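To start, I am sharing the structure in question, which I have written as C-alpha cells.
Per-chain residue numbering starts at 1, and chain names A, B, C and D are given in the order in which the chains are listed.
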Amino acid sequence: MNDTAYALEARGIVKIFGNHVALDNVNFGLLPGEVHALLGENGAGKSTLIKILTGAYQPTGGQVLADGVAVTLDNPQHAQKYGIGTVYQEVNLLPNRSVAENLFLGHQPTRFGFVDRRKMERDSREVLKRYGLDLDPASELGAHSVAVQQIVAIARAVELSGKVLILDEPTASLDRNEVERLFEIIRDLKARGLAVVFITHFLDQVFAIADRVTILRNGKLIETRTLDGTTRTDVVRLMLGKDVAFSGATGVEDARPLGEVLLDFKGYGKKRSVHPFNLTIHKGEVVGVAGLLGSGRTEMARIMFGADSADEGTVTVSGKPANISRPTDAIARGFGFLPEDRKVEGIFGDLSVRENIVIALQGKLGWFSALSRDEQLEIAGRFGESMDIRAASLDMPIKLLSGGNQQKAILSRWLATDPAFLILDEPTRGIDVGAHAEIVRTINRLRDEGLALVVISSELDEVVAYSTRIVVMRDRELVAELSGENINPGVIVQAIANHREGPPA
Amino acid sequence: MSRSLRPLVATAVIFAIAYALAVFQFPNMFSTRVLGNFLTDNAFLGITAVGMTFVILSGGIDLSVGAVIGFTGVLIAVLISLAGWHPLAAFALALAIAAAFGGIMGLAIHYLQVPAFIVTLAGMFLARGGASVITRDSIPVNHEFYTWISELTIRVPGGGRFSFIGLLMIAIFIIGALVAHRTKFGSYVYALGGNETSASLMGVPVARTTVGVYMLSSVLAALAGIVFSLYTSAGYPLAAVGVELDAISAVVIGGTLLTGGYGFVLGTFIGVMLLGLVQTYIIFDGTLSSWWTKIVIGGLLFLFIVLQRLIFAASTPGEKSH
Amino acid sequence: QADLSGKVIGFSQIGSESGWRAAETSVTRSEAEARGVDLKFADAQQKQENQIKAIRGFIAQGVDAILMAPVVATGWDDVLAEAKEAEIPVVLLDRGIDAPEDLYLTSVASDQVLEGRVAGEWLVNEVGDEDCSVVELQGTVGSSPAINRKQGFEEGIASASNIKITQSQTGDFTRSKGKEVMEAFLKSSNGGADICAVYAHNDDMAVGAIQAIKDAGLKPGTDIKVVSIDGVPDIFTAIAAGEANATVELTPNMAGPALDALAAYWADGTEPEKFIITESKLYTAENDPQGEYDRRKGLGY
Amino acid sequence: MRRVVSALASPQLLALLGVLLINWFLFPPFFRITWQDGRLFGSLIDVLNRGAPVAILAIGMAGVIATKGVDLSVGAIMAVAGAVAATMVVAGYPAPVAVVAALAVGLVCGLWNGFLVAVLDIQPIIATLVLMVAGRGIAQLITEGFIVTFTDPLLIFIGTGSFLGLPMAAVIALVLMIVVTLIIRRTALGLFIEAVGVNRAAASLAGIRSRMLLFLVYGLSGFCAAVAGIIVAGDIRGADANNAGLWLELDAILAVVIGGTSLLGGRFSVPLAVVGAIIIQAMNTGILVSGFPPEFNLIVKAGLIFIVLVIQSPLATRLVPVRLPKAEARK
C-alpha cells in the first residue's frame, strides 16, 4: 500500500475503553481529492476513529500517518497544524462567544498582538455568505438555531482544513437547501484536492456525494470500496451484516377509524413563541409535524408538554379541562416527551443507563415508592432488550453510549411510564439505519396499541411512513393539516412553501 | 444592545443610583477626597479582582489570593527590612514565586483533575502557612523607595489624593480588559469557561490556558500584595484574610457569571467600587454596631444580586430557564 | 468628667471577635455618651484595610477626633499623616503601633508583655521550687497579644529553672479551640499527670481548657493550675469555684482615659502623656472573685 | 456483599488509615483507649468527638454539592443556632424548646438559601455568601456579641455527654448519617438529587420537581448546621457567636470532596463525606498531639490535602489517562 499517496491514513488502529474494544485493527486511508463516506451502525466506532485521526483520543494501538509519515497527534490543535479540520458529531462550538470568534478561534487575525476584530468580522461575513447566511458576526452564537450553529461549525472546519476535512454527521440538523449548499462546497474542496471524510446515516447523501465508502461494524473494518457499481442494498447489508427490508414510505392504510379524542388544544399558544393553534389528537393516531427548521415545531411541542407554559388557550384531556403548565402536570396525565437535543435536555450523562431509563417512572411514582435496584434492573433490562440498546452494561454511564443508543434509552424512559401520549421531537436524528427502522417500528407499534403520538421530523419520507395525519408549521404558526391522500411528500412541501394562500385541500 | 452587555449596564446603573442616594444623605461623600480614597483604598482588592475575573471567566475559582497577598507582603518586608534587598528586587522575586505558585495550582487542576476550589483551598493554606513560617510578627518597611512611591500622589482641590497605587489599579484594569477582550489568550479563557470539551476540540490549548489563568491570578494577587505593602509599609502574615470572598463578590456583582464564559473586566471595576461605596457609606453613617454592619453588608449584597437578577433576568445569557 | 457635647468622634474598632472586645465597644459607647460625644462607630471585621478605610472616611467626614484600636502594629504612617494634615487628633486604644510618635496624640493601652510577666511571676511564686511543666495555649498565630503575652510569660518564668513550657499550641483565642487543644495536650502528657499548669493567652481559652481537664477526670485549679489573662466574668466564676487560679485583668475601659486626654487637650492644649498604660492587675481567689464577677456582669461582657 | 468489600477498599478509607498510621508513628499512644468515668477516653475518641460537627455539616453539604451547589453559610448558621439555643435557655425556656427552636431556625436559614438558589436562580456560592456574611451578624445580634454561658444540663449533655461510652456528638453524627443515608437511598431522593445535579434541564423534563429538591437539600444543610451549632455550644457551655463554626464551611466542603463527590454535581455519598470529615479531623488531632509548632499547622494541612487528592485523582486510579473525558471533570 506504500505506493498509494494517502493524505491521511490510519493503520491497524485499536482503541479500547475499559474492557470495551471500540476499534479493532482498523485500517483507513484517505486519498486527496476524494469524498470518503464512513458508514456503520450506531456504536460502530465511527466517531471514535475520527477522534483518533484528529488527536482528540490517543489510540491504544496502531498508528496515524500524514502524507505517509507516522505522526503522533497530541491534541486537536496539533492536528490542525497538519491541515486537518473537523466537525465533530455533536455541535462542538462555544455558544457564549460571537459567531466570528467561533469561526476563527485559535487563529484570529491580529494587529500589534491584539485580535483585529474588525477584520475578523469582515472575514466572517465573507465566509458565511458562501453558505447563504447573512447574520451579524458579532452576535452570540448561542442566540442562533442549532442549524445555524452547525453551519458555522462546518464553515470553521472548512476554513481550517488545508488537506483533510472531516465531517461527522454534519447534515443531521440541516434542511435540504442547506445540505445542497454544503455539497457544493464539498465538491469545490474536492476539486481543490482536499480529502473529505463524510459520516452520515443518510444513504441518499452518501450516493450523492461520496466516491468511496468504508464500512465499520462493531469496531471492525468490514470493507472499503468505491461507490461505482455498489448499490444501496449492498451498503446496508454490509453495515448490518444481514439483509433487512427497510423501505421508505409504507403508507398507512386510509380510512382507519379514528379513536376517541384524547387531547383537544384550542387557541393554545404563547406570545412571541407560538401562534395560537387548534389541534385535536385521537387515541391510536400519529400526528406528524412538518416544517422548516426554526418554524417553531419544538416550541409547540414544549408548550404541549408544559416545558414552557402556554399563556393563552385551553386544553382538554379526555374531555376534561386541564391545566398543563409544568412537565409534572403533563406526566401525571400520561404524557411523555423526547426532546430534540439529547445531550442538553435528554440524557443524564453521569448516571447509568439503568437510572436514565427508570427516572421518569420513578418521578411519576414519587419519592417514597422507590424502585429497588432489582426492579430497576428488571425494567431497564426489559426495555434495553426490546429496544435493542447496545451497552456493555446497564450500569455504565449513559454518556459512554453512542448517540443512537442514548436515543433508544430515552424513548425507553417514556415507554416505562406507560404513557397515553408521546411527543417525539426528531426521534431519528443522527441514528443509523438499524436504529432508525427500530424507532419507526416502535412508533407504528405504539400507535397500534392505542397511544396518541405527535412526531416532529424533518424527514418527509419518514413522516409520511407513519403519520395518520400531518400538520405543517411555518413561521411559528400551524398553517395546514393534511390527511388521507394528502399525506405525501409533494403536498407537504407545497404546504410548507405556500405563502399566505390557504392550506391545500 | 448585546445581550451579554446588559448585566454590566445594570451594575453601572445600580452603582450610579446608589452613589447618588448616598451623596443625597451625606453631601460630603461627593468630594475628590472620597473619590481618591475609593481608588487608593480599594487598589489591592481591584488588582486581585482582575485576576479573579479571569479565573471565573474560565470557569474556575481561586481561593488562594488573599493568602498570596499576605505571603507576598511578608516576603518582601523580610527581604527589604531584614535582608536589605532593594524593593524592586524583592518585588521581582515575589512575582516570580507567585507565578510558579499559580502555575503549579494550574497544573494540578488540569492534570490531577482536582476541582479548582479544592486545589486553591490547599494553596490558601499553604501560602498563609508559609507566611506565618517566615515570621509571626508584622514587619515594618522603612525604605526611601516606599516613601518616594507614597509621595507620587496627585493632589487635587477638595482634599483629593490620587495615589500611585490607585492609578496602578486603573492601569491594571485597562490592561486586563485589553487582554480579556482583545487577545487570543482572552478568547481562550472565555472558550474554556463556555465549554471546555468544545474548546479543546476547537484546538484551544486547554492545559496552557488553565495554567496561564491561575498564574495570572497569582501574579496579580502578588502585585496586590506589593500594593498592600506599599499601602501599609509593612508585611503581616494575617493581612488580607478573606479578600478572596470580597474579590469573588466584586466579580459577581460586576455581572460575571460564576459558571464562566460571560462577563467583563470593566464590570469587576464597578463591582469593586460598589463594595467600596457600601463600606464608605457604613463609615459615614457610623451608627451600626459590629453585627449590624455584617447584616447590612449581607443585605446589600443580596439586594444587588436580586436587583440584577430581577431587572435583567430575562436577558442574562447562558442560563436558560429550567 | 468633661462635657464634650457637640464633638464628633470616630471610633475604628477591630471587630467583635471576643467577649472582651464587645465589652470594650460597649464601654466606649457609654463613656462617649456620658460626655455627650457623637460617636461614629466603624467595625473593621478584623481587617486592617477596613480600618484604614474607616479612618480615611472619618477624615473625609471632618470628625473632631479619632479613636482607633489598631488590628496590627504596622502600616499606619500614611493614613495617620493624612489625619495629622487634616488636624484631627488620633488616640490609639489597647495596643501601640510602630509609627512616629508625633502622628498620634496618645496611646491608651495595657502593657501586654507585662501581662504575660505578671502571669508568669504568679506561677513562679505559686509553685515555689517544685518542678512544673506548663502547657501554653497561644492566641491567634501572629497576633500581637499572642506574641507579647508569650514573651512576657517566658520572661516571668525565666528566673525559675524548675518551670518549663513543655507544649505550646494555638487555641485561636476561642473556647472551643482551647478545649480541643487542651484535650490533645492531656493525651500527650500521660493523661494530664505530667502537666502542672496551663497558661492561656486569654480567659476564653482557659475556660475551654478547664472543661477539657474536667472531662479527663482531673481537677482544674488543683491537679492542674490555670492562669490566664483578660479578667472576663466567666473566669471569675471559675476562680470562685476553685477551677481557675489566677487572671490578669485587661480593662475594657480604654476610652475613658482617652476621652479625658482629648478633653484636656481641647480645653487648654495640654499634651497628654504619650503612653497611658492601664493597670495589669492580678486576681486570684483572694480578691473576692464572686464580687468581681457580679461587678463585671453588669458591664455587659 | 461485594459492594461492601469494594467500599472498604475505597481510597477514602485507605487515606484515613494512612493518616491514622502517621499519627501513630508520630505519637505512639495514639490508639490507646481507656475506660474512664463511664466513657471511652483516648485520642481516637477525640478524633470522633471533634470531627463530629464537621461530619454533620458534611452530611448536609453532600446533598447540596450533589445538586451542583455549595453552601458557604453553614458556619454562620451554626453560630445562629447556638445563639438561639443558648439565649433561650438563659431566658428560662425549657431546653427541649430551645433545641427545637434552634433546629427550626437552622432549617429556615437553609430554606432561605434554597429560595435564593431555586426560585431566584442565584448561583449557590453567591446566594449562600449572603447568609455567610449576614448570619454571623444575626448570631451576634442575638448574643449582643458576648459569649452566652449556660448551665442547662440537656444542652451540655448534647455537647459533652456520652452514650454507650461514645461521645454524644459522635453518636448524633452517626445517627444522622444513618438516617439521612437511609432516607436518601431507600427513597428515590438520592436518584433525583443526582439527576438534578447532572442535568437540571433534563430532570425537569423527566418530571422531577427540581425546585422542591433544592429547597430540600439546602434545608437539610441548614438543619445539619443547626445540629452542629448546638453541639458546639453545648461543648463549651456557651454560645460564642463570634467564633462558632468560623471557616468550618471550608472544612465541610473539603470533607465532601475528599468523600468523592464532584463539585460539578452528580454522584454523592453521605457516609464517605463523613469519612472525609474524620480524615480532616484525624489530621488536625495528629498535628496537635505530635507537637508541631503551630506555624506549621496550615502547611501540614495543605500538604495532606494534596496527598489525599493525588491518591484519589483519576491519574492515580487509572494510570492511562484518556484525554477527552477529563475535560468535563473539573472547574
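Here is the rule we go by: a residue touches a chain if its C-beta (ideal position, glycine included) is under 8 Å from a C-beta of that chain, and two chains touch if they have at least 3 such contacts.
Note that this is a predicted model, so its numbers are computed, not measured.
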(request) Using mean Cα positions as chain centres, tell me which chain lies farthest from subunit C. (result) A
(message) For this structure, I'd like the pair of chains sharing the most C-beta contacts.
(response) B-D
(request) Would you mind pulling out the distance in Å between where the CA atoms of subunit B average out and where those of subunit D do? (result) 29
(request) Express in whole angstrom the distance between the two chain centres, defined as the mean CA positions of subunit C and subunit D. (result) 33
(message) Suppose each chain is reduced to the average of its Cα coordinates; what separation in Å results between subunit A and subunit C?
(response) 71
(request) Let me have the rounded angstrom distance from the C-alpha centre of subunit A over to the C-alpha centre of subunit B, please. (result) 44
(message) Two-or-more-chain contact residues of subunit A, please, as numbers and ranges.
(response) 56, 75
(message) Quick check on subunit C: which residues sit in contact with 2+ other chains?
(response) 16, 22, 25, 141
(request) Quick one: which residues in subunit D touch 2 or more of the other chains? (result) 140, 144-145, 201, 204, 295, 297, 324, 328
(message) How are the chains arranged in terms of who touches whom: line, ring, star, complete or other?
(response) other
(message) Dump the list of chain pairs that touch, please.
(response) A-B, A-D, B-C, B-D, C-D
(request) Report the residues of subunit B in contact with subunit C in the complex, numbered from low to high. (result) 26, 28-29, 31, 33-34, 37, 40-41, 44-45, 132, 136-140, 150, 159, 161, 228, 231-242, 276, 279-280, 282-284, 286-291, 293-294
(message) Per the contact definition, I'd like the list of subunit B residues that touch subunit A in the complex.
(response) 2-4, 178, 182-184, 186-188, 190-191, 193-195, 197-205, 261-262, 317-318
(message) Going by the contact rule set out above, which residues of subunit C touch subunit B in the complex?
(response) 10, 13, 15-16, 22, 25, 39-43, 45-50, 52-54, 56-62, 72-78, 82, 86, 98, 140-144, 146-147
(request) Name, in rising order, each residue of subunit D that touches subunit A in their complex. (result) 186-189, 191-192, 194-195, 198-199, 201-209, 266-267, 322-324, 328
(message) Touching residues of subunit D toward subunit C in the complex: what are they?
(response) 27, 29, 34, 36-37, 41-43, 46, 50, 140, 144-147, 149, 160, 232, 235-238, 240, 242-244, 246, 285, 288-291, 293-295, 297
